[in-house]
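Dumping the structure here so I can ask a few things about it.
Order of writing sets the labels: A, B and C. Residues in every chain begin at 1.
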């Protein structure tokens, strides 16, 4: 197996570190699901990267991203735009995050992967459907005070035929 | 961020407590999926609350619940009724529980949130579909002997256009 | 409750063991999702069992399995066959694994259960759909050097009307 062993991988993040990293991933999606979008940029450091990339492009190392932000201010701007639009508010989000795996660590930067699925529900008719399945490829650091933050979040979307709106963040 | 930090939130439940609370959530849904409904009330204390609330009502603090039980006896009664009905037995349940988050603790009562999705499968044609997506908002206590139990479980359902039957518990 | 208590069940696997077993389950599905199928047999010991069984058969203890392998060589053979076929490569896989529960331990063999859902995405049109929901019933051992491996993996599929291909492993 060219990959590192399960034991080696799991050893990268001892339980207390793993719980904080899982905690970051879980609080991040809950913020979106609870529609507290103003808090969303605060899960990132100022000098951050946030990208949404179709899986096919990611697999072939094509640079094309659907969304490509390289600082926290751009995330804040996006929320302002979303709040001025209204279409998004007619849908509920629900994220499932699974398989949170710390795959490497270098000078305090943890490379983290996780799978996600997002279900949207129409507020009017109460119907839910699969909106997006994909993977997070993240870099997490611990800032002063020991709080975990995203230095980088790449959302690799399997589902790229996303109907109409890519309104709320993934 | 008005919310507490990831670090503060994660610190509420040390690993041994977190494992027991996640264990309770997981065993709870497995009991339902395995059709051991007679065991379902035993995940609750006698003086418990079990509610199913559409998300729109929950968000606006409307009191209307689809299901509203306030003691364990009512849960036991429900199972008896379900067992006398037969329609439910033609469907398999499969729960995914994710994002188990202990959000506060006061005098030994842990406030716990988790996202869930339930898939139903028709036994006759073997087809599976998304039945319900939503969130658990729970209060967990440790009873004598250290066993975790639900003092309260509120099931906030995103999906309220639930076809026909809300037979097995969520 | 005839089942063992949550506390007793959780005590079977202390945090370090649990993290390794969850790590095995997560790395296993990630290997499939990342299309590193040549690595897939390496999650098993040589003398292993891998079965895919429809849930209805499992519930009634019918022996009939869709897939029934009893050594690692059969898994390797399957990958060779898959690589020579081409149809599978037009679909992306995405696994969600949840509710990883260590339910018993005897002489170093851990009985583990987990729920899974697999979404497939068509590479051509980018649409995702629920492919299979079900449960893993596994036996995990720690081989020399402390690496966890599957001694046995039974995939109990709720969804048995699986369209056409059961190409990539579950």
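One rule holds for everything that comes next: a residue touches a chain if its C-beta (ideal position, glycine included) is under 8 Å from a C-beta of that chain, and two chains touch if they have at least 3 such contacts.
This structure is a prediction, so every number in the text was calculated from the model and none was measured.
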Subunit B against subunit A, contact positions shared by both copies (same if over half, else different): different
Size of the rotation, in steps of 5 degrees, that lays the CA trace of subunit A over subunit C: 120
Whole-Å gap separating subunit A and subunit B, where each centre is the average of the chain's CA atoms: 26
Residue list for subunit A, restricted to those that touch at least two other chains: 15, 96, 98, 117, 130
Of all residues in subunit B, those that touch subunit A in their complex: 1-3, 5-7, 9-10, 15, 18, 54-56, 96, 98-101, 113, 115, 117, 130, 132-135, 158-161
Parts of subunit A lying in touch with subunit B, wherever the complex brings them together: 15-16, 19-20, 23-24, 26-27, 29-31, 33, 36, 39, 42, 92, 94-98, 117, 119, 121, 123, 125-130, 145-148
